[in-house]
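Down below are the structures I want you to see.
Shared between the two complexes below is subunit A, which pairs with subunit B and subunit C, respectively.
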Partner chain A sequence: MSALSFELKRRTEQRLDLSSLVPSRLDGLNRKQIESLSIATTRQALTVGDAFKVKGKDVEQLHFVGTDDRCDKIGAKLSGGEIVIDGDAGLLLGAQMKSGKISVDGSAGVSVGASMSGGGISVRRDVGDQAGGVAFGETFGMKGGFISIGGDAGALVGERLRRGLIVVGGKAGDYAGGRMVAGTILLRGGAGRHAGYGNRRGSLIFGDKPRHLMPTYVDSGVMEFDYLRLLETWLREQGMRIRLGGRARRLMGDMAVLGKGEMLILE
Partner chain B sequence: MPELKVKGVTIVETFAEAFPMVGTRVIITAPTAEWAMISARTMTGFATSVIACGAEGGIERSLSKSETPDRRPGVAVLLFTMDVNMLQTQLRNRVGQCVLTSPGSACYAGLDGEKKLKLGASLRFFGDGWQMSKVIGGRRYWRIPVMGGEFVCEDKTGLTTKAVGGGNLLVVGKSHKAVLDACTRAVKAMADVPDVITPFPGGIVRSGSKVGSKYAGQIASTNHAYAPGLKWHQDSELPPTAEAVLEIVIDGLTADAIHDAMHAGIHAIAKGGSRDGITHITAGNYGGNLGPHHFHLKEIVG
Partner chain C sequence: MDSALQRAADLLAQARLPVFGGLFTDVNGATAALALAQKLGGVIDHAASDGTCRAARVMRETGSTPASFGEVRNRADTVVLIGDHPRERDAELLQKLFPGETLPRPGDNKRELIVVGAKKGKVPTGVRTTEIGGKNTLPEVVALLAAATREMPFETRDAALGKKVLSAGKRLRESAFAVFVYDPAELEEPVLHTVLETVRHLVKTTRAATLSLSAPGNGEGVNLCSIWTCGLPVRTSFAGDVPENNMWAFEAERLLKSGEADALVWIDALDGAEAPPPTRAFRGIPSVVLSSKPVKAGRDDVVIEVGAAVADHDAEVYLPPISGIGAVKATSADSNKPTVADVLGKIGTLIDEKGAA
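For the complex of A and B:
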């Protein structure tokens, strides 16, 4: 069966709420029913059929083509299946998702994978602020799963992160890992100011020595971490070309809060 | 009925009687293969028999860097007991005292399975509040700060209730040297079989036991029917030429694995033929009423 694909006809005047286009909601619907689903976010009515050319059948494999930064909530609350996006994604991509896979060929907006609890999101280019952050109405950010960002991330990547792993290939903005509770953020291209602000138990791993270090992080010096080897093995199994090595400088913090978090700066 | 012989060695028409056990596998890694082996040997020391050791354990095989979760050299260890509670206690004590303490070691689950045993889940308390939990790819690991750096230990490992203990071969020969050489060959051949260990010293038991004794409180005593010095006795099962009998005991995660190990063992023992001084290969049983697993030598050779 061929993937069920949605090709954006033209840039819409309003933002689109695509949260209904997930396998669990589409299962059992025929083409006509799918095309009549509302995706409007204003008082102006708008259906899937108005904005997208729909093709294919397999609801477990969704394909978005030509989407732009107004296509919000793609794969939100996803609970299985695979979504491939040939284009950009708007805000709340894969927010609160439980399982499944989302991959974006372009960039994504703010709150990618907000409060997600499982599954994987991979964005080839940049993402907006608060990737892996807190979804509306939630108290914690990402609670499990994996977010891989090929390009740069905005501010507050992994805000209130509780569990799970975020990898930023490019540069992250200010307050990376802000108020994180636990979990891991790997920052390969460095971060802006105040990284690890309010970090309780989480791990921030830096590919290079960060330019700005919070004064509330305390140096424990360099040592061996088998944990980094485990992480490297797993990332390579995911197809990432990455080398962490086993040695890192460990700084503990944020001492302004619990102080059981860490920054590992790879040697 | 014609006697079954392999290269002149008589395969006695009998069976090894084995028992259900619970078993688990853990993977120990270290900075070098040597240190992984030291850690594994320590953990499986004094683990020959559940009669008095609490558990039966052994080294299944060495693992290359590419086979371990952290890409360091490793060793796969199997541990068996008669019930799950004992397996949990033995695993905690042995990993806690022998692997946690071993320089540069880490310990990971070696078995999946619905039922789990606590590994790092109990050892984490050694961290006194400084331990950290990390979930990678759905598996939870504990990082415990220790003097040597950091001890990484997976949260849980799987267990199997389908394990089998007490698969065995008794090797009868014309000289102690002949029997020891043959058994050494057999243990080596069995080491290549996955999912099994031979828990006794070097895989070999020189003092096979029977259940009970003339002395009250002695639960096991010498298998006098196979002691060459007691050949005169009416209970003796040995031919007049027998000078020594050694036993190989096999524990496995599955009955099939024991079958394969016994097959490999018998052929390794008989390799040199009767000219090497081996006269009989037999097996230990209790009449067939105690253990549900019967490994008939005739079927295994075939």
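For the complex of A and C:
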């Protein structure tokens, strides 16, 4: 059975709420019913059929084509299946998802994977602020799963992160890992100012020594970490060849809050 | 006037997504704006909502311990002033917080002021003051003070700064009632969070609280009005089946710049305050402007002169000295000018009539 695909006809004047286009909500609907689902975010009516050419059948395999930064909430609350996006995504991509896989060929907006609890999101290019951050009504950010960002991330990546792993291939903005509670963020291209601000028990791993270090992180020397080797192996299993080695300089912090978090700067 | 109201009703009735911005108005004006936004499926945002939204978000996620202005003035033995905004917003703030005579306070400490990450400024005479700053940024100094308060280690090459921070941390632990005073518009979320965490740490052994400066233009009053009306703070959209709040998506300036909003209702009608207009306001986006001040608007925009709340008519607004909403008598009582609530109510009626016809 071929993937159910949604090809954007043209850029819309209003933002689109695509949270209804997930396998659990599409299951059992025929083409006509799918095309009549509302995706409007203004009082001007707009349905799936107005904005997208719909093809294919398999609701477990969704394919978005030619989408742009106004296509919001793709894969929000996803609980299984796979979504491939051949284009960009708007805000709240994969927010509060529980399981399944989302991959984006372009960039994504703010709050990617906000308060997600499982599954994986991969964005080939850049993402907006607060990736892995807090969805409205939640008290924690990402609570499990994996986010991989090929390009740059905006400010506050991993805000209130509770569990799970975020990998940023490019540069992260200010306050990377700000207010994080636990979990891991791997920053391969460095970060802006005040990384790890308000971090309680989380781990920030830097490929290179960051330009700005918070004075409330305390140097604990260079150590061997089996954990880094395990992480390198796990990433390889996900198809990401990232050399971490086993040695890193460890800084403990943020002493301003609890001080049980760490920055590992790879040797 | 009637033709202006009709033009406003016509303009808004055909809008796809009208945004209600500015909102420098009293509680009645805000209630009317919310009602019209609900009717039209619009978005509401206040012109000074940056700080309000941040403070609301951090409080929602981790809680906070606020104190009222009077409580701080009368009972706090240590006041920690963070950043430049508080004194820029009110040059007499510290004089008000440190009056010559106060009520009996808890503890035996003399009152003390700690100024964190601010430029040199006026401090009250006769009050022991410690200024902590140096070359470090405001977020760094806040973090250093938080670590020192917890007796946790930190690293700084500035020995004098280190000594001051340690002494301030000790003072906070020994205070009977320490209060942190700040403007949330100046502190980014992680910094705000760290201040609140420090208060949470201190209250395990003593008393501590925060005094968060309210947003200008009755921002707090409008925000509270939004919360008691629909359960959500400003930056809320009424376009869907249920109201939706999003700090990024429903910010007025962004909606106008991106072209997602196709009509603007701009409200600037509060005595003593002027709403900074968004850069795209009155330029290309069809606008209905309710203002008590002279306005430069586009040819097709509808400008309706209204009375200034508090000056031209009695008003309910948020009053920082009582940390609540209170009724204020008009200072000049020019009853010829309509209120924001009157005008928006009439526009709503005209839209209903148009729909019925």
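Just so it is clear, the second predicted complex is superposed on the first by the 267 of 267 C-alpha atoms of A that agree within 3 Å, B and C clash if a C-alpha of one lies under 4 Å from a C-alpha of the other, contacts with A are read in each partner's own complex, and residues count from 1 in each chain.
Operating definition for what follows: a residue touches a chain if its C-beta (ideal position, glycine included) is under 8 Å from a C-beta of that chain, and two chains touch if they have at least 3 such contacts.
Just so you know, these numbers come straight off a predicted model, no measurement behind them.
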Combined model on subunit A: subunit C and subunit B, fit or clash: fit
Touching partner for A:Gly259 - first (subunit B), second (subunit C), both, neither: second
Touched partner set for A:Leu230, first subunit B, second subunit C, both or neither: first
Once both complexes are placed on the shared chain, angle at subunit A toward subunit B and subunit C, C-alpha, multiple of 10 degrees: 130
Contacts of A:Arg179 with subunit B and subunit C, given as first, second, both or neither: second
Of subunit C and subunit B, partner touching more subunit A residues: C
Touching partner for A:Gly144 - first (subunit B), second (subunit C), both, neither: first
Lowest inter-chain C-alpha distance for subunit C and subunit B in the superposed arrangement, angstrom: 15
Shared contact residues on subunit A - subunit B and subunit C: none
Subunit B partner contacts - residues on subunit A that touch it in the complex: 144, 163-165, 182, 184, 201, 203, 223-227, 229-234, 237, 260, 262
In the complex, subunit A residues that touch subunit C: 13-15, 17, 40-44, 70, 72, 91, 110-111, 128-129, 134, 136, 138-140, 156, 159-160, 174-175, 178-179, 193-194, 197-198, 214-219, 254-257, 259
Subunit A-facing residues of subunit B, complex: 29, 69-72, 104, 106, 130, 132-137, 141, 143, 149-150, 152
For the subunit C and subunit A complex, residues of the former touching the latter: 16-17, 40-41, 57, 60-62, 136-137, 139-140, 142-144, 146-147, 150, 152-156, 188-191, 193-194, 197-198, 237, 239-240, 244-246, 248-249, 259-260, 262
